[in-house]
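Alright, structures below, take your time with them.
Each of the next two complexes has chain A plus one other chain: chain B in the first, chain C in the second.
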Partner chain A sequence: MTAHDMPKAPVIAEVRDLRVQFDSKRGNVHAVDGVGFQIRDGEMLGLVGETGCGKSVTGRAFLNLIPRPPAKIAGGRVLFRPRGGAPCPDCAGEGCEACGRTGTETVDLLTLPPKPMRAIRGARIAMIFQDPGKALNPTLTIGAQLAEVFLQHRSEALLAEAGVSPEETGWQANALRRMAREEDRWLDRRLKGLPPLSSAAAKLDAALDAHVAAALAETQIPNPARVMRAYPHELSGGMRQRVMIAQALACDPDLIIADEPTTALDVTIQARILDLIKTLQRKRRTSVLYISHDLSLVRRVCDRVAVMYAGRIAEIGTVAQVFADPRHPYTQGLIAAVPRAGTGRGHLASIPGSVPELVDPPPGCRFADRCAHVMAECTRANPVAREVAPGHQSVCFLEKTGQTAAPATSEASTT
Partner chain B sequence: MQLRDYIVRRLMILPVLIFGVSIVVFALTRIGGSPIGVYLSHEMNADEVAALEERFHLNEPLVVQYWYWLKGALSGDFGYSGVASAPVSEVFWPKFAATMELSVFSAIVAVWLGLWLGVFAGTRRNRWQDHLTRVVAVSGASLPLFWFGIVLLIVFWANLGWFPVGRSTADLWASIPHPTGFYTLDAILAGNVQAFLDALWHLFLPSITLGFGAVAIITRMMRSALVEELQQDYVDAARAKGLPERLVLKRHARRNALVPTITVIGLTIAFLMQGAIAAEIIYRWPGLGRWMADAVVRGDQATIMTYVLFTSVLFLFANLIVDIIYAKLDPRVRLGD
Partner chain C sequence: MMQQRLSEKSAQRKAGDTLLSVRNLCKHFPIREGILQSTVGHVRAVDGVSFDIRRGETVGLVGESGCGKTTLSQCVAGLTTPTSGEILFDTGRGGPLGQEDRIDAMPRDRYRTYRRNTQMVFQDNFASLNPRELVIDCIGRPLRVYNEASGSELTERVVELLEQVGLGRQHLYRYPHQFSGGQRQRISIARALALDPELIVLDEPTSALDVSVQAQILNLLWDLQKHRHLAYLFVTHDLSVVRHMADRTVTMYLGRVVEQGPTETIFGNAAHPYTKALLAAKPDLDDDPSVPIATLEGVVPDPARPPKGCRFHTRCPVATPDCGWEVDDIVRLLEADETLFQSLQGVARKTDLEAGLTFADETAAAALHAALGSDRVPLAMRTATETLDLNGKTVNIRFRETEEVSLTDRGEGHQAACVLGRGGQ
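And then the complex of A and B:
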């Protein structure tokens, strides 16, 4: 898919005016302060900014995995329209403004009850974590960890493959059903290896293994059968991240949150993992929110990019727009910093200073104390987003002309 | 190395270790001098003493004496107890079984309760349940066992009369055979529910007294380990897969928090064997306590050696079990190093 098709694709997920604050000893940290953007079906949206800008917190909001406490959601919504979800109540599936012409009901992920939220996690929205060495449980085999996804979301298919029809009742079918949903009881585990349960249970295990092996093979892991039996510490970092990717893609989700998926890896394999994510994303037409502090990576794989600074969006547009015509001074600084080594960690070669502490911040542009173009008005009020080209917005007082549009509410503002 | 091979190897080393322990135990008791004293009485003349020495091989070199002792021990003869005026092998087992029953019961209760409380507090971090559990844990770790036992005795036996002292109600004890010497087991084997309940009723106060300190240690360890595990990325990754909180805890965080806790549990076993003697004295429990106290004072070396040997073997077994559970829980443990 090229960048030109993008505006036509329906919006599958949207953040609106998200505000997340952390209680700390020094005060209230405004980690995310009015962030808004949209993710279109099948696109890869980059979210870039220096460390501590609030990218991970924003990404975790999609899975409702922000730790509360210490965090609290001070406002905003994270909307999601899963493919094949319930029909939109406003238009009965015809497609209207409220549902972004998808015909699918919109859910707010931040207020969704735990049970439907769990049905979305891992199945419709999945996450790839920064450090696969920490995101895999060290005491469970790779196979057991991947199996959990299928047991949570694909138990019906597993049961069908094990020859248990949905109509079947009786204690054996019920015991197998509990096994396929990871709700097995102590007695079920004792009976599992004994006839008459053992043959059906073995079929269930075989079906599960087949799913897991197929998921691993998808990410070009050599010898999936061996990797399944391995523990995380027996694999290399790159192999572990492939496992994480396999796990994220297992149930063919609509949206993947990839939080710096290559940052913790060896430089030599970063490119290969990046290409793998891109290839699989293209093949499955999955939407990806690709979080990174590295603009060059985003430029390579993303369709659009949102630049984030100190809890706010600074600039958003297609990759072509933002790199050809960076409007926000922060974006310009980031682009100038790209080729230099040893950047990151809150320091950029071309921008002096670092990300401010966000404890009860005063009004005004967050970038003011590092900006070469700072003006009097910059510290008096918050800059608003202005459209500098169709789909390209910059949140800066330097933009005197152009339509004002909060990126949060640019399209489906009628809901 | 496979876990099974590891267990086999550890079991094969066990006799060697026990042999080593027996040498050390023999040498240490003999530092106190000849064991003849406990067998003497005032009326004996020099010839009679010499005859005794002859009979117990005390006139031979130490190595030969050890050899005789080892030969006896291997055939179940642990010498003659001067304090009990009977062969050690006849008196030892019932008393040892009484002490063991108390220790094992306390250990089971302490481990179960400690892990449960640790999870209870760790999953409710910084809420009132956590603070309350901390109070229990701190008191368990700081109250002297003797004091705590006497307070329980005064309240629940002397004042309220809810629980008895001693090990059994005499006629119930007499109503069943005692093939193992463990009252609970014997009652189960005899199918006698009343005797079984009687055993539990008598075990209640002494095992709380004995287990309280261990509960405190296990609770604190489990709580802090669980809090630590719950902050790891893999816990969020498990949630991100759609797992219910029940499984996030059971399959991931709690299981991993057990790894460091298991080591502490191994150490508390030694702690319990130590405390058993004190608990026995408070509750008139017919275990090894009183006999051992007398044996030490009167230099009854045959008795002391048997006790130290048996508890060492138990400790070796407890450690083996802990190591196996440890290796089973954590695949990163390199077996055989």
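And then the complex of A and C:
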């Protein structure tokens, strides 16, 4: 998909005015403070910003993985419309404002009860974590960890392959069903190897192994059969990240949250992992929220980019728009601070000062005290998103005062 | 007193003459196994490395993780004893560097001069500062160890150092955890500057920092170098930082230097395929986003048994028959294929270049024989094969003899260890 036909794709996920606060001894830390953006079907959206700007918290909000307490959701919604989901209850699939004209039901991930959330987590929305060494369980083999995804979300398919039909009753079928859902009891495990159950249980295990091996092979892991039996410490960093990607893609999700997936890797391995993510994303038309601090990387792999600063979005637009014509002073500073081929040696343009404290912050633009273009109104009120070009918004007062101000369109006001 | 010492030292300092020389340095770590912990092999972290650092220049050292760049920097800083080879340091003895300047053979007073003139800044700024020490103790410790200052003079010296790195008197009585990552790295730099060294070894000084903070630290390092005529050994995996900071760049792969030269030459006209691959893999804000990122296939071989010849030949996209193909390359090939590897019974090695591989059955041997003649192996490897015959369950193979691949001159201080473009070819 190119950036050109992007606006036609339906919006698959949307964050509206998300506010996450953390309790601390010194007060409320406003980690995410009114973040809003949309992710369209099949698009790769980059979320860039520095440490502590709230990009990871925003990403984790999609999977309801924010620890509450100490965090609390002070407002906002994270909406998600799974592909092929139930029809929208308001319009019965006709397409209305509430479902973004898709006709599918919209769920608010922040208020979803635990059980439906578990059905989405891993199956419809998956996550690739930064450090595969920490995200994988060191006491389980790779095969056992990948099997969990299938046992959680694909137990019907596994049972069908083991020859257990949904109508079948009796203790043997029930025992197999429990095994396929990872709810097996002590007695089930004892009976698993004995004749009445053993052949069906072996078929179930074989089906599971086949699924796991296929998932590993998808990420170009050589020799999946050997990797399945290995423990995480036996694999290299790049290989572990491939396993994480295999796990995330196992159930063919609609949305992947990739939280700095290559930060812990070498450049040569990073290039291969990026290539893999991009190829699989194109092939399956999965949407990706790509969280990173590396601007040059986001520029290479993403379709659109949102720049975050101190818990807020500073600028959002297509990669071409933001990198060719950065409008927010923070984006400009960030791009200038990256050493690159074109600039000579000597001083880099650095942003003076440091990131502000987010404990009960005063109103106004968060970047005001480091900004070269600071004006009186910057510290009085919060800036609002202004459209500077179709699909390109900058959250800055500079856009209002003139040079190339454009009125906010309906596109801007919906977010 | 400080001012006096500085001017006295800068009179001695002449830009351009060699400050430190590393010659044929090796650092091998033993692999121990079993109850008796007997040595079964060696990880050759650094295996025959030579380069010079001149006064006032920045040498960038790049490579993937595990290539030995951190071990090398620790040897240079005197934190690890090398297995063999020499490190020569100019302690002001006068004359060209010679055997008397070896840091492991120096008299005690000159060794102290070397130690105080070579300081280090570590990657993890949190782990490298004692969490129970105040900033004043931490930065003041080198001054106290070398009896440079005490009492109120020490405090003033520390304040002066803090101001040089962009901090101030108000930070004297704080603990490391009260600072941000960028500020802690500034404290590490102030500590390294305390004794006014000639050389600072910077081991990934900015890789734990954000871009905007990284820019501030790089600017600080740049200013300090201009002001104090410091030499830097800048160890990093980030090529854009090296291009920005270094006068000369050294690329390492599996414990060996594969290419070194002026930074502009390395980045503009790299001669070694590994340097080219590293450069191509790193996205830059100035490159064309429509060109896909070039990837490098294969994995870094085990440094306990590095490949013969050019160590990069197992992954090299432009490998030639002269790159040092050997029996181990077939073993590596077999390891990737589980069924064949399991039926392998033994490798009867006559030399590194000639061996007979025995399999449990004839089909496996035939499969290997067929694979070695097909395009499942690189063309260069097939061309380097002198004899390949199948004898029942045994495959006999012999590779042609090749010369050792060493660094050769490519003009203007540029050296590369690659058979391509080597003199006479």
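Worth a mention:
Operating definition for what follows: the second predicted complex is superposed on the first by the 390 of 415 C-alpha atoms of A that agree within 3 Å, B and C clash if a C-alpha of one lies under 4 Å from a C-alpha of the other, contacts with A are read in each partner's own complex, and residues count from 1 in each chain.
By our rule, contacts are C-beta pairs under 8 Å (C-beta built on N, C-alpha and C of every residue); 3 or more make two chains touch, one makes a residue touch a chain.
Bear in mind that the values here come from a model prediction, so they are computed numbers and not experimental data.
The superposition on chain A brings chain B alongside chain C with room for both. Set side by side, chain B and chain C differ in how many residues of chain A they touch, and the one touching more is C.
Judged by the touch definition given at the top, the superposed model places A:19 against neither chain B nor chain C. In the superposition on chain A, no contact is made by A:178 with either chain B or chain C.
When both complexes are overlaid on chain A, the residue A:50 reaches chain C alone and has no touch with chain B. Legend: residue contacts after superposition of the two complexes on their common chain; A:222 is shown touching chain C, with no touch to chain B.
Of the two partner chains, chain C is the only one that A:266 touches; chain B does not reach it.
In the superposed model, A:203 makes contact with neither chain B nor chain C. Contacts of A:319 after superposition on the shared chain: chain C is touched, whereas chain B is not. Of the two partner chains, chain B is the only one that A:118 touches; chain C does not reach it. In the composite built from the two structures, the nearest CA pair linking chain B and chain C is 6 Å apart. Annotation: chain A has no residue touching chain B in one complex and chain C in the other. Listing the residues of chain A that touch chain B in their complex gives 60, 63, 65, 114, 118-123, 126-127, 129, 131, 134-141, 148-149, 152-153, 182, 231, 233, 244, 247. Interface residues of chain C, counted against chain A in their complex, comprise 64-65, 180-182, 210-216, 218-219, 222, 237, 239-241, 243-245, 267, 277-278, 280-287, 289, 292-296, 299, 336-338.
Chain B meets chain A in the complex at residues 232-234, 236-245, 247, 251-252, 255-256, 259, 329-332.
The residues of chain A lying in touch with chain C in their complex are 50-51, 222-223, 225-226, 236, 238, 266-272, 274-275, 293-297, 299-300, 319, 323, 333-335, 337-343, 345-351, 354-355.
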